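Okay, here's the structure, questions in a sec.
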Amino acid sequence: MNDQIKLDFQRPERLGLDEAILCARKSDAQLATIMNRVLEHGVRCLMTRLDPEVFARMARTHRERLDYDPVSRTAYLNWIPAAELEPPRIAVVSAGSSDMPQAAEVMRTLTYLGASTKQFIDIGVAGLWRLMERVEELRTFPVIVAVAGMDGALPSVLGGLIPGVIICLPTSTGYGVSNGGETALHAALASCAPGLTVVNIDNGYGAACAAFRAVNIIRRAVEEIL
Amino acid sequence: MNDQIKLDFQRPERLGLDEAILCARKSDAQLATIMNRVLEHGVRCLMTRLDPEVFARMARTHRERLDYDPVSRTAYLNWIPAAELEPPRIAVVSAGSSDMPQAAEVMRTLTYLGASTKQFIDIGVAGLWRLMERVEELRTFPVIVAVAGMDGALPSVLGGLIPGVIICLPTSTGYGVSNGGETALHAALASCAPGLTVVNIDNGYGAACAAFRAVNIIRRAVEEIL
Amino acid sequence: MNDQIKLDFQRPERLGLDEAILCARKSDAQLATIMNRVLEHGVRCLMTRLDPEVFARMARTHRERLDYDPVSRTAYLNWIPAAELEPPRIAVVSAGSSDMPQAAEVMRTLTYLGASTKQFIDIGVAGLWRLMERVEELRTFPVIVAVAGMDGALPSVLGGLIPGVIICLPTSTGYGVSNGGETALHAALASCAPGLTVVNIDNGYGAACAAFRAVNIIRRAVEEIL
Amino acid sequence: MNDQIKLDFQRPERLGLDEAILCARKSDAQLATIMNRVLEHGVRCLMTRLDPEVFARMARTHRERLDYDPVSRTAYLNWIPAAELEPPRIAVVSAGSSDMPQAAEVMRTLTYLGASTKQFIDIGVAGLWRLMERVEELRTFPVIVAVAGMDGALPSVLGGLIPGVIICLPTSTGYGVSNGGETALHAALASCAPGLTVVNIDNGYGAACAAFRAVNIIRRAVEEIL
Amino acid sequence: MNDQIKLDFQRPERLGLDEAILCARKSDAQLATIMNRVLEHGVRCLMTRLDPEVFARMARTHRERLDYDPVSRTAYLNWIPAAELEPPRIAVVSAGSSDMPQAAEVMRTLTYLGASTKQFIDIGVAGLWRLMERVEELRTFPVIVAVAGMDGALPSVLGGLIPGVIICLPTSTGYGVSNGGETALHAALASCAPGLTVVNIDNGYGAACAAFRAVNIIRRAVEEIL
Amino acid sequence: MNDQIKLDFQRPERLGLDEAILCARKSDAQLATIMNRVLEHGVRCLMTRLDPEVFARMARTHRERLDYDPVSRTAYLNWIPAAELEPPRIAVVSAGSSDMPQAAEVMRTLTYLGASTKQFIDIGVAGLWRLMERVEELRTFPVIVAVAGMDGALPSVLGGLIPGVIICLPTSTGYGVSNGGETALHAALASCAPGLTVVNIDNGYGAACAAFRAVNIIRRAVEEIL
Amino acid sequence: MNDQIKLDFQRPERLGLDEAILCARKSDAQLATIMNRVLEHGVRCLMTRLDPEVFARMARTHRERLDYDPVSRTAYLNWIPAAELEPPRIAVVSAGSSDMPQAAEVMRTLTYLGASTKQFIDIGVAGLWRLMERVEELRTFPVIVAVAGMDGALPSVLGGLIPGVIICLPTSTGYGVSNGGETALHAALASCAPGLTVVNIDNGYGAACAAFRAVNIIRRAVEEIL
Amino acid sequence: MNDQIKLDFQRPERLGLDEAILCARKSDAQLATIMNRVLEHGVRCLMTRLDPEVFARMARTHRERLDYDPVSRTAYLNWIPAAELEPPRIAVVSAGSSDMPQAAEVMRTLTYLGASTKQFIDIGVAGLWRLMERVEELRTFPVIVAVAGMDGALPSVLGGLIPGVIICLPTSTGYGVSNGGETALHAALASCAPGLTVVNIDNGYGAACAAFRAVNIIRRAVEEIL
């Protein structure tokens, strides 16, 4: 079935974004085929939802080509770090250790795309003073990714304090009526803070792409001027 | 069908709470029957969800016996204000004018039961500083009723700042994924702030009764000492 | 209850966004109070979800101060058009006449905030060629608001073609499993096109604020350079 | 319990369709009994949702009688390929490798029933040009099976371009609000493209049977003429 | 806003199906504009979900141009009956008077498109013998539209008896757990009868288009032979 | 924690029904404690949802006291078969092998309670003639338990043909929109056949108890006469 | 369309139950047609969900033939009271005035069918002693219909005290998470009291038919003996 | 990532409640880091949802510092029992062995916080007399935690009998329409007993914190007097 898979190698040109391979629910054979295809084309590729056990089962020749991170479950194939980075324009804000994997997926995707970020992980609504201490710094970022599970109150609080683009990433953290992230998703969508935007539950890759689209419109505007 | 209705006149003795008549979905005839029954017994009674149009259609003799408030849609029958009130132990906190009817149902029910309250209506999460200015005062109340619709972020913020009993009253304010109050309800239940408790959507009467149960346990404890 | 309403007049300064008054489910009396408060402060104000019948019931002195649009159900109070407008950076894309009210709410809100927009209303997925003819023009806009009900396929198609910021506004158009906009909402969130962001169902005001936040980060970046 | 199982051997005569054995949630013993019953009757049989581990646990004498395919998880028992095939009248269209198992179930079922098919697997909405290149060819097929998970936008796009019978097979691919295929299902049902029809989530067997019913009405009509 | 509406007049050529105007949730002004546009182009048009009150409010010049049916809530604009009809290939089957409006929408749409139909309205599962008497006749139709609300058992029974194409139209008839047609929809999708296909709840227009697509593939196949 | 468990040994006297131990989600230690308690009291006991692996892990002394059936996952403790059985008054009807475990739980529970039953397992709606052949026999039973998953059409068909008490047992068989039995449950509840009653999904024990209550009212009535 | 409606006049013979006409969502014209058909056949008929306004709009000749009750919204056509009634075997139990319409539909349907009933309306769980006083009397009834909305706790309590057949009728009374009766429905289905059975929300007619089926099996058994 | 975790060590001072570590979905490495951080600070800490297997995998040095209970899946780190306990003011009421883990989490949390409790585990609604025997004793407790799964009828019954603060803890016990605790949750919220409050499904920690808040307001009131 090797010849049936056709990757969208033109996407970077069209969108400024690379195609990512969502590894969940793909068989080992399918992943091997995709990696071979990418290697043949000599392009780079981002893999998401790559579980440590799946990574461990890969052929050594494949594993050696990957820059793998088990917390975010992401891998870079054929990736070369950018020589120089702009100062970070994207803040990734989360409440603590439960949302770490999703926040890490955001940051790893942005690093892959070449955007530098700054992480704020002690920003929880239940301990409001920690958030208040960082507000002034957060207001300087043009783009904020707010990672929040359970009751999803963080985006509403940020949305009333921060003027930049705010992208809410609800997470499946929690139990009972958290409903696998649905409550955090709905709370972000129903927020009375004006102008929040939201991505799918646990979609760290998508939140990163949305943030990257936002910094890209700055870059394009600035380039037009200079 | 007059003789079929049997009210629970022993409830005050058993629970310290009066039976309330939920007027929604009762016919005019049913309401008239109930009121006559209450008047015959010479007891008092609280009516909730009494729409202005239904009130307007009542016989004048009935209307004259009622202390009616159209915002909360509550009416008192045979009620006499308490001679003297303790200083308020219950704070009713809400964000603004959309949740006014539900907050008013809480306060009217508590007034009926003889508990004094203080209302805080400018406490919204999207304008956080207004809330922060009132925190110290709020911390002095043993019981807080937090009224919140839409994203329901208010209870989480309060729950991290206030040590007393917190009763969350989610409201059906909002549209789309607010889902008639379900998002506010779930956000309060899934909150990471420890020890919040919650009542049904728009159940201002229930929130008031829960608050009254809480102040009653104080009263009983104090009476035992004195 | 006049003195209980406290508006958030500092919001423009803090966020660059005005508070909007959601008129749905507010009584005539509440709306009158709010308008008086705004007029006393001499500030401007945007009103949303203002039904024609409610508008018609207002006092003439109030009606005369409003710039009212029945399609979008929005009104401007104390608003003065900007002297000069930049060329439009925001495209508002929708499929046709059913989503007109929501698209109109987006555009009226952006006009109020001072951002110029261009509307594309013949962009339906079921007649794909009409969309394909406009792709090149759409690719020049830094920000797209995609308004879509029913199956919500439009955002996915745009997301694969357009590099800018894309804000999806699902609408409650449709019946049966459209579920009042839930299917369009979920389709936008679950899209395989990378980096779409989404707001609540029918939340034209929120989509406009999100678009305004995005053009603001361009403006700020450009101002820093110049 | 051997004698309790009664298969519907008359179905092919009645409907032109064979009974298929849904292996999921059947015990090894139940499957063995069913296979023995089929072998005793000397008829053929299609087995679906037969997991590789279940297949591996079968008695060798049973395994040897099966034509098993692990991707589609289907097996043929007592099946003989048709001597000669008509040119394909059914196109099976999907976006890529994630929906491969369901597309394979469709094709294996149709092969079993004796219908020839052609597969199109590079037809994703997020990379629209690939789809546009194949439209003219797709328009020549009387029957299309459109396999789509996540946002399910593919059927809507096809439905506006293709005049034939279109059967949508939503898949459980995706996470978060994909809700195990519900969003793809609802998007196909709520599509504004006219005349799409839909089968249950992941029901590749059902989609194949529906396609086979459609080609059969052609066959019957042609036979009546000749 | 007259010039903003662009109808898809090329659809008949592309799909063999006309665009229909879904009148629900369109304003009177929007409908008038659309009708004028259709009349200017001299084409024909089908209008669905046109409530009697809306029809009654139309200008007389518009009303006189419409062939309106209040049961199905459909109207034909500029429509001329076909000179001669083929014998019916489509059977529209329903249980009784509650599903009449939806069955009527199917038949009116097919009449508009030029397909002749036969209606069977006494086909209920709770009175099974009436259904059994008609099975042989029903088996002669290449295409069946099965209209069913409440428990939606009719499609399952037909699916086990009839070899042709079966299109299930679930209806919103019923109350309680009928859930506005969701139970009938899910029952049809989850049916163990092989090869049923389904359209959205109450989508008589869509069911008719699906049936028309099916008879068209017969017509095309026959034309190729002759 | 041994002394904390208090079984309801008076239930047989009060209701004519024994307490059953739902083994699912109980720890091995809890089950051992319960069995010891039952053995000490010298009473009998029915255990449901007892998985084969859990049974295999039990102490031999416990296993030897149990009459265990792995298909229904039920066990009898201290049970002695009735000396003589009345002719069966309860028919247990199901479509085939997928619903076997639930049908078996019904029959094992009734056997335990002392009621004799007759099983009909070839009664599927998709092969209607098999059902029609048995209708006359089924009409002689005062009580029918109809076991059905997926689309749940069987109860509706039976309900229109059979005059006795009909208890529907929806099962979690199926996938996709079967929703773990919800569709079968809702179809039975929404059936247009008059007077069906329903129990919880997969609740074979409950269906058996309901059937037993029904035959008991016959027994009591007959005893009163004799 | 007069000749299209075919009523199931054989149902009484087949099931011992009459067909009832569900008037909700039928047009005035449809109802008139049905009544004429019934009158022509000289049979009797039960009409349910007949709103007072619809009744008031009927032709006088029709109204005069009906025995109409506005509380239960039922009407009898051509009905003659039974000469003599057996002592009541069915108890209809409800908590109070909110569930009155549904309880009344049960009783009116049973009266129509010729079964005598006794009503218990002061049986609420929140005032448990009232229920406890009636337990001994309730235990003498072979069949109980338990009408309960909101939290639906009544059936669970009865189910642990009463040995007869218990049919739960959940009602749509309540608000918020009562979810139009879903919570009462689910509570009855999930009850830990053994052998409860349940009908659809607000389906008083169905509950009555189920109760009638139960008393009929007693009658048949007794007749066989005598 | 060690330095990224910042615990909220000020919470006890602010709220009188300790931060608890929700161990579910945290990696072994994250838990080790958190424990080290706690040990470094010399504070105490409560861990919840700590599965026995996770506990078994911990380093021995960590395991030895924990007071671990496998039934409640809780652990105390650095905890010293209070020297002297007040008589219990909190009753923890549940129906039996299925809800034991959740009831245990409540009691272990309260013991950790220093509140003494009394457990009532034989309080089931289906065996009402056991509950009635304990009512007088239960009425003496100022605070009741009512633990209930399945139909959740227990809180409604208690709510009508007991005057104190009642905190309902719905549990995920059950199957089918129990929906993982949703039915018990909704039944408690929709209860007609006045003034019940509710926490999230299976949130024993939260119920305990709510109970502790309630006894704290008594303690504070008493201290103010003395």
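Note that the chains take the letters A, B, C, D, E, F, G and H in the order they are written out, and that residue 1 is the start of every chain.
We take it that a residue touches a chain if its C-beta (ideal position, glycine included) is under 8 Å from a C-beta of that chain, and two chains touch if they have at least 3 such contacts.
Quick caveat: nothing in here was measured; it's all calculated off a predicted structure.
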Requested in this report: Go through the assembly and pull out the chains touching chain E as well as chain F.
Outcome: D, G
Query raised in the report: Shared touching chains for chain B and chain E?
Result: C, G
**Report entry** Pair of chains joined by more contacts [C-beta pairs], C-E or A-B
**Finding:** A-B
Report task. Sort the other chains by how far their Cα centres are from that of chain B and give me the top one. Result -> D
Report summary line: Greatest Cα-centre separation from chain E belongs to chain H
Query - Copies chain C and chain B - interface residue numbers shared by over half, same or different - result: different
Query raised in the report: What whole-number Å value describes the gap between the mean CA coordinates of chain E and chain G?
Result: 36
Report summary line: Here the gap between chain C and chain G, centre to centre from mean Cα coordinates and rounded to Å, is 50
Query raised in the report: What is the distance in Å between the mean C-alpha positions of chain D and chain E?
Result: 27
**Report entry** chain F, residues touching no fewer than two other chains
**Finding:** 11, 124, 126-127, 160-161, 176-178, 182, 185, 189-190, 194, 200, 203
Query raised in the report: Can you name every pair of chains that touch?
Result: A-B, A-C, A-D, A-H, B-C, B-G, B-H, C-D, C-E, D-E, D-F, E-F, E-G, F-G, F-H, G-H
Query - Residue ranges of chain B in contact with chain C within the complex - result: 71, 96-98, 100, 119, 121-122, 124, 126-127, 130, 173, 175-178
Query raised in the report: For chain E, which residues are in contact with chain D within the complex?
Result: 11, 14-17, 19-20, 142-143, 160-167, 185, 189-190, 194-200, 203, 205-206, 208-210, 212-214, 216-218, 220-222, 225-226
Report summary line: Per the touch rule above, chain F residues touching chain E in the complex are 95, 124-128, 132, 150-153, 156-157, 159-161, 174, 176-179, 182-194
Report summary line: Residue positions on chain C within touch of chain B in the complex are 1, 4-6, 8, 10-11, 22, 24-26, 30, 34, 172, 180-182, 185, 200-203
